[in-house]
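Structure first, commentary second.
Chain naming follows the written order as A, B, C and D, and within any one chain the residues start at number 1.
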Amino acid sequence: MTIDVSLFLWAVAALLATAVVAVALGRSASASRLVYGATLGISVVAVVMLMAHLVSAPGEISMVRLPLGLPWIGAGFRLDALSALFLLIVNFGGAIASLYGIGYGRHEDAPHRVLPFFAAFLAGMNLVVLADDAFTFLLSWEFMSLASWALVVSNHRSEDSRRAGFVYLVMASFGTLSLLLAFGLMAGPTGGYAFDTIREMTHAPLTVAIVFILMLFGAGSKAGLVPLHVWLPLAHPAAPSHVSALMSGVMTKVAIYGFIRVVFDLLGEPAWWSSAVLIMLGGATAVLGILYALMETDLKRLLACSTIENIGVIFVSLGLALAFRSNAMGWAAALAFTAALFHIVNHSLFKSLLFFGAGAVITATGQRDMEKLGGLIHRMPWTSFAFLVGCVAISALPPLNGFVSEWLTFQAVLQSPDLPEWGLKIIVPAVGGLLAFSAALAASCFVRAFGITFLGRSRSPAADQAHEVDRFSLSAMFILAALCLAAGILPGFVIDALSPITQALVGGSIPPQSNAPWLSIAPIAESRSSYNGLLVFVFIAVSAWGAALLVHRLASRDVRRSAAWDCGFPDARPQTQYTAGSFAQPIRRVFGTLVFHARETVDMPPPGDMRAARLTVETRDLAWDWIYTPIARGIGFAAIRLNRLQFLTIRQYLSLVFLALVALLLVLALWT
Amino acid sequence: MDLIRDLFVQGMQMAVVLLLAPLLTGFVRKIKARLLRRQGPSVIQPYRDLARLLRKEAVLAENASWLFRVAPYLIFASTWVAAALVPTFAGGLVFSWTADLIAIIALLGFGRFFLALAGMDVGTSFGGIGSSREMLIASLAEPAMLLTVFTLALVAGSTQLSTVAALMSSPEVGLRVSLGMALVALIMVAVAENGRIPVDNPATHLELTMVHEAMILEYSGRHLAMIEFAASLKLLLYLSLIACIFIPWGIAAPGEGPARFALGAAAYLAKIGIGAFCLALFETAIAKMRVFRVPDFLGAALMLGLLGTLLLFVSRSL
Amino acid sequence: MIALPFEAVTAVLVIPIVAAAVLAALPGYRAAARINVLASFLTFLAAASLFVTDRPETGQYLFVDDLNIVFIVLNTFVGFTASLFSASYIAHELETGRLTSANLRFYHAMYQVMMFGMNLAFVANNIGLMWVAVELATLTTVLMVGIYRTHEALEAAWKYFLLGSVGIAFALFGTILVYLAARPFIGEGHDAMVWTLLVEHAAAFDPALLNLAFIFLILGYGTKVGLAPLHAWLPDAHAEGPTPISAVLSGLLLNVALYAVLRFKILLAANPEAIGPGPLMMTMGLTSLIFAAFMLYRRRDIKRLFAYSSIEHMGIIVFAFGLGGPLANFAGLLHMVMHSLTKSAIFYAVGHVAQIKGTQKLSEIRGLTETHPGLGWGLLIGVIAIAGMPPLGIFMSEFLIVSSTFAVHPLLAIPLVFGLLVAFGALLMRLTSIAFGEPTGNTAPVQASYLPMYAHLALVFGAGLYLPSALVGWFQNIAGILG
Amino acid sequence: MYGNLSFDIAHLLAGGLVLVSFMMLYQDRLYALINTYALHALVLSLSVAWQALVQHAPHLFVTAAIALGFKAIVIPVALHRIVKRLGIHRDIETVVGIGPTMLAGMGLVALSMVVILRITPDADPLAREDLAFALSVLLLGLLVMVTRRNAVSQVIGFMALENGLILAATGARGMPLVVEISVAFSVVIAFIVIGIFLFRIRERFDTVDVGALDEFRGERQ
């Protein structure tokens, strides 16, 4: 059966209605339960419909045009393979976030500032993916930004979240304006804003190039491409955790959807250098993002920064797909594109999981600062387990899903020698190295995150009194963890589900995987490369379990508890533990001076002085120092200068009028 | 019939690595002792250690969590699986397609991930030192390793170990400058990954210098045994990896007679022996470097790997 | 079409005048306020009836065409809501004693006179008459701006008055020049000032004379549109007058002047040899946009802030009309309507806010959404709308303007977008500090009339999502007229 | 019927108006300025009267009368009293020196000539030449406004400007509404004068003290 797109429009309408109801409910006690319940229901229905669509008729396209929006073209909506996938991501993310919210929402102190916008936010993201003309697309896009902005400033009393909201919305509208220019250029003076019209047009190479760059600005600023990422570490953490999960896990994907829709679908064939640009930007983003994450001590900011890294990875694969496609290497392009899509799915899974975990930690301890956490594995065993799964997944380690997409990306990188352009030949392996580097750094970043937050001994009373969170939150986390594992050990099915999209957009697809022996995946040929998540999982599980069994049977099984050995330092205080800062110190030493202009100042008290020594580390984000601060300064300067015009005297104002008149007369005298 | 034999071969391989690993460690120690004009413990001392540790009761710190107890088995298992997938005396193992080179590296990464976590679990300062330094080293070693893999994969057009080995043994691969670089890089990585001198000293317990030892400081009894075992497996893995890629001769092709297998085994033992000897020689010859020199060391490896990949385009003949 | 017993047009003019007379005579302010509302409402009905009734034949003095109907209806509607708002506003002013009932008498009378002047300017077919009407409206507003008799108010009124008078003079000179240009072809006397005739014969006119005329006209009327650098009167007049008048100024008076400019643009466009008015208008529009955008940053007074944003939007509108072409003209028209509605709604909110907090200083107004949700969220929606965010009407017009600009003159789009972004930043910064944060000042609940504000916002919201096809057709052929 | 003579006289008077404007530029004492303005108005009224004569437009006489009675007599007297009342008759109140102002005036006249002379001559000459003078008068009046400090002289500048308008309006043959316009303007001017008088807007209207303006505008910077 094929699902008609109008059904999803009904879902959107229902979400908007929920938002209205939420406004009506205001601060009432049952509000959060009701609203999250409603959004959960709606999203689940949408997910079910999408599943049905994907299994039955993945390639089917259904369109509808409503007499809304721009009068002469109306508002078009379209459901095809690509939008189906992203709808699935959006609605699943929405469903799981709502489930989490049912529990988490109880702790909201101002629900009336969250609930309406939560529903509206979901609706907006759905609309972006469904939109089929420039106006509807941008309207939904901006609406999405607006709703999420409201969520970011929901905790409006804190200066930080207000600032975050400001930076966020300014960047967002910068992005929107670039998209607007891009669409304006594509639509041409006649105003052919419908996507079909744009598709049919053939664009001049210059146009294509400009549109491509504008798309980099527009979609990149929303997805968090370096150096347009500055808002992301501020805004994502400022929102309530389940919203952060949505923003990081889903909204960035919607941004990428926009990029794919325009660059791969609407726009013609970009020149090869554009793929090179994409690949290099992606590589830089990946490495810088994860380095930022390593420097963070705020758990949620750390997660937000790692989102930047994953976006970089995704953009690298997209760039590869673009490069291969423009050289008519169908299956290689398909491989790269599959890698990108797979990673999109994966990231939406484990990033939501991790943010939920962070949210649970915050609910339990009221702390976001890792330096004040620790030892939570004893008090929050379930949360910590789920979080651990997320960490393993995002660190691209087998047998979980993160590794599969990373692996596919590497396989795509290995196809680069067949590219004719020498530039790409050289760049791609180097960027591959960068990817490996960022993956390794990600591992250490999440060892740090998990180790400092959950392991060791608690660094603050708050962490001492922590206790496990409610079962809604837990169930949300465990569903995600299970999916991470499933996608990791049965990647073949996912890849096959993605093939219609690659077929449609890069004109090729990799051989079907799910019927391969032992459910292993071999994107090109088994002789060249293959991976079998299932067997790896089974092997590890069996041998670990077997080893444990044997040891316990044949050798010793008894355990004695005693004080930690610690090279003979008895019962040292928790302060002696390694902190997040000290864990990151070696890496900061090695890369910090280059990337962050990191500066360490040690204040060592003289002998006999009992005050504690302290080490202060200052890291700077060069994007701010080199781009944004100067711009802000420039605007401020201009504002101050021009502001003098507010304080002229009437005579001076008259002189302005006089001068304007004389100038115009002169023009008239000289030109005509 | 074939399947059974393949399974048998695979099983033998897994058993072989398991049995051989401690011996290798002992062998290296012996040679090092000899080079230092010491008598040194017997070659089979590691087996005795393992047995003793296994029999002892495990002492856990008060706030050690379940992770601390599970980690050793996970580490052991992942390392073993990785080691079992590297062709030792016979190629074309029945499960070789389970994981290619990239996956094998990732498996080792899996082990390291949990080792580092275990190091931080008890919440001592040394555990932290160890984990953080280990992750620093890994963050440079892994990309270097992957770049060497790229080099090989681009030469062989595959990341499948048995395919690579088969191609390397075939005459059409002449001497290649990039292969040489890959080899050097791989060796440097191996040294770093196994915590050997000059990166780390497996024998030291001098607090400020240790990396690997610092992480497992809190371990005892069977858990320690498992980790030590995993360590020696890892060493063996790297040696046989280098062996099967760069000196692939003598590896029995799939589906050949037992005689051929015996020959392969002999060749394999010889290679490992030579490798072990070189390692010992190297370790006795040079001194351990400061922790913050390690990045330079590995950075060099990284550069070599990248250079190897890029030079392929100059020297590429395939 | 329906035929009314009376001429809708004359009704639009007569009702305000009569009302003005009555109000001037009437002492009590409550009744006066009610009558004021009633009269405005009747005027609005009469204007609305222009849609359905058959139009009067074009006379020598008055006429009705597609273009000015839009303006009249918008004008009378906002005039009506503003009168509603002012009814609840002045009550408070009386309590605080800022205004005496004598003032109010004058105020109401002037209000109606002003409405009369503006309506007259719209329906006038004679450029001389149009000039007189515009000036009448201006002078009345001058008096209203000065009504508080405070030093600042007088200073603002004075500045407005002087600059306005110079504008008046320029506009008149331009009008005379047009007459001179027309006389040889139409003949002496009134006919040479009848706009419809002028357009017919414009092709033959002397281009040099027309060019000169247009320069004086755009400077003269542009002063009232508030184009930089002729804008000086605008911020202070908005800030110091009563808020209903600020709303009317931004929402209506600027449109009146704009309307005049458009009329003459059409005239000029009808003559092939004359300079195209486009480039001039685009330059002035962009200048105003960017200038106002920067000026938004250092504002400390909430009403002045939105006054500058009016300058900014007038700049955008003039730019759009200067750009020309069906898309841009449509967008410009839409933008003008949306701006009138939104900006007046904002001023309705601001008026009450200023009354509650007893100050217009931005620094002393915080956390409104917390203390006064009705006003706070209303203001927030209004500012978001004025900043061009969806799903509100201005987004659509800005979408059309920017995208069509980029398609036609890519280079012009860059300063345009830059200006929009800069202005957006300033507005958002202010909005964040007004609507959010720790509440300050008086947090007592307020009895405000939300109806006008939310009515406008609802209209703007609706227009952002759906434009009735009739309206669209209407606007499109106006866009055709504007060329 | 008067033929060329009418043109010459009209031309002469218009030129005279420009000349008087220059004289106004030259004055730097308030009383002198006011007197010169009276002269300006007088010349204007003469020229308007002449136009009324040649155009057979009796209603223009009204305008002439207004110019004569109101502008040439009432206003100057009123201004005299204001100046005395405000005690500002001693000020030297030009912003820029006389010389530059004169040069600027020359430039403006030249400019207006250039602009006007592009107009095709077949529009009747009288209108054309008159227009040139009217434009110059207008620009010169504006120049007075922007080069003088205090309110009174700004008003005078404005009135000079407006005289230019009247000149143009009357020069345009058969132009309707002229009388109304002149009346309207007289009202406006009356407003201004009364404004100065009532609101005690002192000479320092053009203050450079931003602090004072600050307080005026309620903007805290």
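Operating definition for what follows: contacts are C-beta pairs under 8 Å (C-beta built on N, C-alpha and C of every residue); 3 or more make two chains touch, one makes a residue touch a chain.
This structure is a prediction, so every number in the text was calculated from the model and none was measured.
The chain with its C-alpha centre at the largest distance from the centre of chain B is D. Rounded to a whole number, the gap between the C-alpha centres of chain C and chain D is 31 angstrom.
Work out the mean CA point of chain B and of chain C, and you get 79 Å between them.
For this pair, chain B with chain D, the centres built from the Cα atoms lie 99 Å apart.
The centroid of the Cα atoms in chain A and the matching centroid in chain C are 44 Å apart. Residue positions 158, 162, 166, 208, 212, 298 of chain C are each in touch with at least two other chains. Residues of chain D in contact with two or more other chains: 115, 118, 142, 145, 154, 217, 219, 221. Those residues of chain B in touch with two or more other chains do not exist in this structure.
Annotation, chain-chain contacts: A-B, A-C, A-D, C-D (touch as defined at the top). Across the complex, chain C is touched by residues 115-116, 118-120, 122-124, 127, 131, 134-135, 138, 142, 145, 154, 158, 161-162, 164-165, 168-169, 172-177, 180-181, 184, 188, 191-192, 195, 199, 201, 215-221 of chain D. Across the complex, chain C meets chain A through its residues 158-159, 162-163, 166, 170, 207-208, 211-212, 215-216, 219, 223, 229-230, 232-233, 235, 275, 280, 291, 294-295, 297-298, 325, 327, 367, 369-370, 384, 387, 389-391, 395-396, 399-400, 402-408, 410, 413, 417, 420-422, 424-425, 428-429, 432-433, 435-438, 464-467, 469, 472. For chain D in complex with chain A, the touching residues are 95, 108, 111-112, 114-115, 118, 139, 142-143, 145-146, 148-149, 154, 205-208, 210, 213-214, 217, 219, 221. By the touch criterion stated above, chain A contacts chain C in their complex at residues 67-72, 134-135, 138-140, 142-143, 146, 153, 156-157, 159, 162, 165-166, 169-170, 173-174, 177, 180-181, 183-185, 187-189, 191, 193, 635-636, 638-640, 642-643, 645-646, 648, 650, 653-654, 656-657, 659-661, 664-665, 668, 671-672.
Taken together, the chain B residues at the contact with chain A in this complex read 54-67, 73-74, 76-78, 80-81, 84, 95, 97-100, 102-103, 106-107, 109-110, 112-113, 116-117, 120-129, 131-133, 135-136, 138-143, 146-147, 150, 153-154, 157-160, 163, 205, 207, 217-218, 221-222, 225-226, 291-292, 295, 302, 305-306, 309-310, 312-313, 316.
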